[in-house]
Structures are given as structure tokens and as C-alpha cells.
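Sharing a structure below in C-alpha cells format, with a few things to ask.
Which chain is which? They are A, B and C, in the order written, and residues in each are numbered from 1.
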Amino acid sequence: MTAYDIAFAALGVVATGAALLAVTTRHLVHSALWLVVTLGAVAGCFLVLGAEFVALVQLLVYVGAIVVLVLFALMLTRAPIGPSSEHTTSLAHRGLAALVGAGTATLLLAVLLPLAGGPVDRREVASGQLARDLFGTWVWPFELLSVLLLGALVAAFAVSRAVRPDTGSAGGTP
Amino acid sequence: MSGLVPGILKGLATTVRTMTKPTHTAEYPDAAPELPPRSRGVIALLEENCTSCMLCARECPDWCIYIDSHKETIPATTPGGRDRQRNVLDRFAIDFSLCMYCGICIEVCPFDALHWSPQFEYAELDIRDLIQEKDRLGQWMPTVPPPVALDEHSADPAELAASNKPPRAAGLVAGGRPARVARPAAAATTAAEPTPPVEPMLPPRRRGPSAAELVARASDIAEQQENGGEAR
Amino acid sequence: MTALEVTLRAVAVLAAFLVLPLLVGQTEHKVMAHMQGRLGPMYAGGFHGWAQLVADGVKFVQKEDLTPAAADKRVFRFAPAIALVPYLVALSAIPIHPGVQAATLPASAVFVLAIIGVGIIGTLMAGWASANKYALLGAMRAAAQLLSYELPMVLAVSSVCLAAGSLSLAGIVTQWHWWWLAWQAPGAVVFLTAAVAELQRPPFDMPVADSEIVFGAYTEYTGLRFAFFLLSEYAGIVVMSFLFAVLFLGGWHGPYAGALGWLWTVAKAFAIAIVIIWLRVAWPRLREDQLQRLAWLVLVPLALGQLLLTGAVIAVTGS
């Protein structure tokens, strides 16, 4: 039981707890804020495991940009203070979601549990090593992912600027 | 878009140039402000000029002037003379929480009892303390600046012209138009008695003090106040 | 590293975090005043109003701590901390002298950028939880602005990292040569512009435009919590100025760098802070669409061009 173990376990508990709160809370914006805590705790886990650069990028991209974007989108549309009842789902919905979630978790646990146990195996990953892996071994998946994202972006543009047949004008004039 | 970069640089240059120049700030409580001579700071009262005629109180748009007075009888100075009455001022107060500094009271005063003083530091913690009674209003008199000097070739002020006028008797001697002395009829009825000169019989005309008088009086009051302060 | 050393370093960073923003704030008071032909604070503390911000702090402490009735109370109360703490953490990673920094990190440049990016969540939380439409508008403007300007900023920093071949701020300063001033000039311009925008300072103060949306996300705040937001703005100026000095002006490089290196870093950072103040006085506020246009049509291409230039020079010189 080293300090790394304790830190990793604590961060894991925080991440899991915040994740559970993020999906169970009835406050929309709280949900996004709990997501911040989860992602931050996951970044902390990376840090404990020695992958400093990954942790920082997690923080920079997910907390600093993606969640901000989520919050921005929430505020732009509808984000009332207090529980929003119109977004609550039926019991069947929830049961189904819980089932799917539990299934995924079981699958992941089945794969990961045999690897667990023992003290935290801290391995310092140099940024150079990471870069060589990313742009050498894994360059094709990486590029494929970026092409996918680019495609999504272009598609989003196309959808938002599409000519509406009923109005006949460009742009989304209501 | 073409004027953008010069504009941006101009903004930077202007601010830096201003920074190198002396500032315009007046450090008020430390350095007294230079007020123009006709500043409307507070209204000063020259009590002995006031006849309690109530013109100021009636003209005041805010009704912020309070005047109380009573009449006193002055016994005749000469045997067989008539007793005279005069107003004595009991209370003269200006409520500066209502006053809007229009200056109508000063304009309307026929006897120059009210004057503008540039003093403005009489704030109070309680609004009711802004009612200044006549003694307080009188204390502002030393701060009233002397009137602005007349232009170079202007006519003499009315007071000066009146006092420089040759006496009426002299007019006859000078051989100009004969001065009107008294009505002939009246002269005829009183011809038996020796006629005293008409001038002293007339009630002394109350006219405003001249500039010199004002300044002299103001310095007198200031002296009095100083002495009083020492005595206290 | 012993516990004592850790404590000492933490205390040193905290002291710098509490003193330097006040210093910048006082400088802003005086510089802005003189640029406008005024004197600025002259009374607090006696000598040229040096204690004005201390007096302001005392005033803020005495004020009532209000929470709007309709607000999301926990988020509302927690937001100032989220806005303030990231700058404190970022300050700890900045080297001011060879080997002198509070926390030694291999990738400190990325660390500082990542941590600064978290601060925006505090503004978003404040704006949303206030239950005030001006606050919400301000928060949305802040979010849109920070998302747009984060990209050119990261690109500008990555250009310097590329030039130095290091992600560590200390490593970048070690590699720095005077001719980088010209080489990295476009990146420096992009970084300074993006930094001012990230700090929501004029001319990029749309999120707190007082004539339009009162005070943006901070409209409902009073007392100490409001003071925390103000402090975070000035701490942000300090962090950004130090970052600029370290990344683009060569940190401790200068005459007698061995003994006076820290002084050089502080002096350069202070000069940048004065430039940021100067921009506030000199220029009017941009409109929201001009703001976005500037970020995406000018700064991002400029930053990409800088990155290309850096890469080309490195490829040619083969270093």
C-alpha cells in the first residue's frame, strides 16, 4: 500500500461517485458540472500512473473545452435552475439504461479485473515516447479519427446551412 | 479596414502622450479650488440692511426663507414730532436643503441685505442642520467678495453719483437752474418760523452700502468674529 | 523534497499570488489615471495612495454576502473558488530563475495552459447560478470567447515549444536566443491578443460589458466573492504576463543573468502587464461578431502560419 495506491483509489472513488451523480441528478447543469469532477479525477488517475502528458491533455481538452462547450450548449438552449422534470424519463427507460450500463460495466470489469490487484505500477511516460507511439505505431487510427471528426464537422455545417424546402432561403430562418 | 492599424497605433500614442503631460486633477480638500468671483456657494445676510420687507421670502420659488419680525416704535426725537415705527428682524433663516441657488432673493432685495458668497463647505450630517439662522448667515458676510470693478469709461455707480452731486443750496449759487426747495405753499404757511434745512428732516434714505463700505464692514465683522473667538 | 521545502514553496507561491495582483492592480490605477490626465488614488496609505487596494479589500470584507433567492446556491457560492484557484496553481509552474520554480513539471507549458482553461468553468458556473439573464448572457459570451481564443493561444505556445524542442517552460527559456524575438514575433502577437481575450480585458471585455450586460457573470456577486473574481482577473494578468515573458521574451536572459535572472523575468513580466493595462486605456471594446471574426479569421491563420514557419526553420537548420 503506497501513497500512489491511496491516491489512485481515492481518485477512482471520486471519479465513480461523480459519474454516478452526473447521470442520476435531475439538475441539467449539475450533471455537466459533475462530469467536470469525473474528468478531473480521471486526469488525476493518469497523473498517478505517470502519464503526465495524457492527464494534462485530458484537462485541457475535456475540462477546458468539451465540458465548456456542453455547458455553453445547455445555457444556449434551456438550463433552468432546479430540477427539470420535463427531461425525466419513464421507469422502463431507466431500467433499460441501467441494464445497458451494468452490462457494459460487467464487460469492462471482466476484462480489467484480472489486470487489477497489486500495487500501482507507475510508469513514467515521456512525452517523446508518447509522440513516437502516436505518430508512428498508431498514426493510421489517429488520422482516421481526425478524418471522422472533420467529416462530422463538415456535416454539421451542411445541416445547419441547408436550404429549407419550405422557405427556400439559405440558413435557418424560422 | 485600411484605417485600422493607424487607428490602433494612434490610440496607443495618444494615451502615452497624455501620460507624459501634467494631470488635470484638482486635489480638492488639500488644494482650495479656484472659484470664479460670482460663484454661488452660500447666501450671506447683512442683517443691518434688512428691513424685513419679506420680498425675498415671497419671491423664493422654494419658500425656503423664513422671516419673523415685529414693529418697534421709536419715540419722536423732537418735541411735537411724530413717533415712528420700524421693523425689527427677529428671525431670518434659509433652509439650504430646499434652496435651489437661483439667487432670486438676492436679485430682489432692495437694500442689498443678501449676497452671494463662494463658500460651499457647509454640509451637515443631519438635514435639519441645513437651516441656517441669521447669525450663521451673517457669519458668511466676510467671505463675500467685493463687487467686480466697473469698466474703464463707465458711468459712476448710483451711490457715488448721488454723493458727488453738489448740495442743493450750492445749486442756487452756481446760478444754474434753481433747485426745488419746498413747495411754495408749504413755504408760505411756515414762513413765520425759521425753516430748518429740509435735508435732515427727511428720514434717512436706506440705500445699499457702496463697495468700499461693504468691504470695510466685512472686515469689521471678521475682526469681531476673531475677537469673539479669542474671547471664547 | 522535504515537507518543509514543500511548505516553503507553497507559502512563497501564495505570497506571490496575493501580492503581485495587488501590485498590478495598483499599477493599473496609477497608469490608467495618468493616461487619462488624472492622478488616481492619492490618499489611502499616505504616499500616492499605495494602500488603495488594501482599503478596497477591507471594504469588500465588510460588505454583506448576498446570494440571490432564485440562485442555485451551492454552485453560486462555489464559483469564485473555481475561477481563482487555477491561476494560483498555474503560478506555481512558472520558472523565474534558472532552477527556481515552485513546482517542477516536465510539461509545464501544457500544464499552465490546461489549468488556465479550467478557470472559465468558474465564470460559467457564476453566470448560470445567478438566475439573472445578464449574468447568463455574460457567461455565454465568456464561454464563446474563451473557446475561440484558446485555440490560437495553444497554437502560439506550441510553436515556441516546437522551436525549443521542449514542453517545459524552463527548457524553453534555456533554449531561447535573442533572434527568437523576430522568429516568434507573429506567435507573440497572437499569444498576447489571445491572453487579453482570455482575461476578458478591454478591448475584449464583451463578457463584462457594463453598458450592455451590467457586469456579466459577476452581476449578482457582492463582498468577498466579488473580490475573488476581481482578484482572479489580476492574478490572470500576472500569470499571462509571466507566461509571455518566459515564452517569448526569454525569461531570465539578460545581463548578469546568473545573479539577476529572477529580476529580469519579473521586469519583463511587469512590462507586459503594463502593456495589457495600456491596451485597456487605449482601445474601445470590440463587438461580439468582430471578436469572433478576429479569432477565427486573423489569429488562427496567423498562429498556423507561425507554426509552419517554425517547422520550416527547424527543418532547414536541422536542429
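In this section, contacts are C-beta pairs under 8 Å (C-beta built on N, C-alpha and C of every residue); 3 or more make two chains touch, one makes a residue touch a chain.
Bear in mind the structure is a predicted one, so any value in this text is a computation, not a measurement.
Q: Which chains make contact with chain A and with chain B at once?
A: C
Q: Which chain's centre, taken as the mean of its Cα atoms, is farthest from the centre of chain A?
A: Result for the farthest chain: B.
Q: Would you indicate which pair of chains has the most C-beta pairs in contact?
A: A-C
Q: Counting only Cα atoms for the centres, state how far chain A is from chain B in Å.
A: 83
Q: Using CA atom averages as chain centres, what separation in Å is found between chain B and chain C?
A: From the centre of chain B to the centre of chain C is 62 Å.
Q: For chain A and chain C, let me know how many angstrom lie between their CA-based centres, rounded off.
A: Each chain reduced to its C-alpha mean, chain A and chain C end up 27 Å apart.
Q: If you look only at chain C, which of its residues touch chain B in the complex?
A: 31, 33-39, 42, 278, 281-283
Q: Give the list of chain A residues in touch with chain C in this complex.
A: 27, 29-30, 33, 36, 40, 52-53, 56-57, 59-60, 63-65, 67-69, 71-72, 75-76, 79, 81-82, 126-127
Q: Help me check something: in the complex, which residues belonging to chain B touch chain C?
A: Going by the criterion above, the answer is residues 8, 11-12, 14-16, 18-19, 21, 23-25, 27.
Q: Under the definition above, what is the set of chain C residues touching chain A in their complex?
A: Contact set of chain C toward chain A: 70-72, 75, 105-107, 110-111, 113-118, 120-121, 124-125, 127-129, 131, 136, 139-140, 143-144, 146-147, 150, 154, 167.
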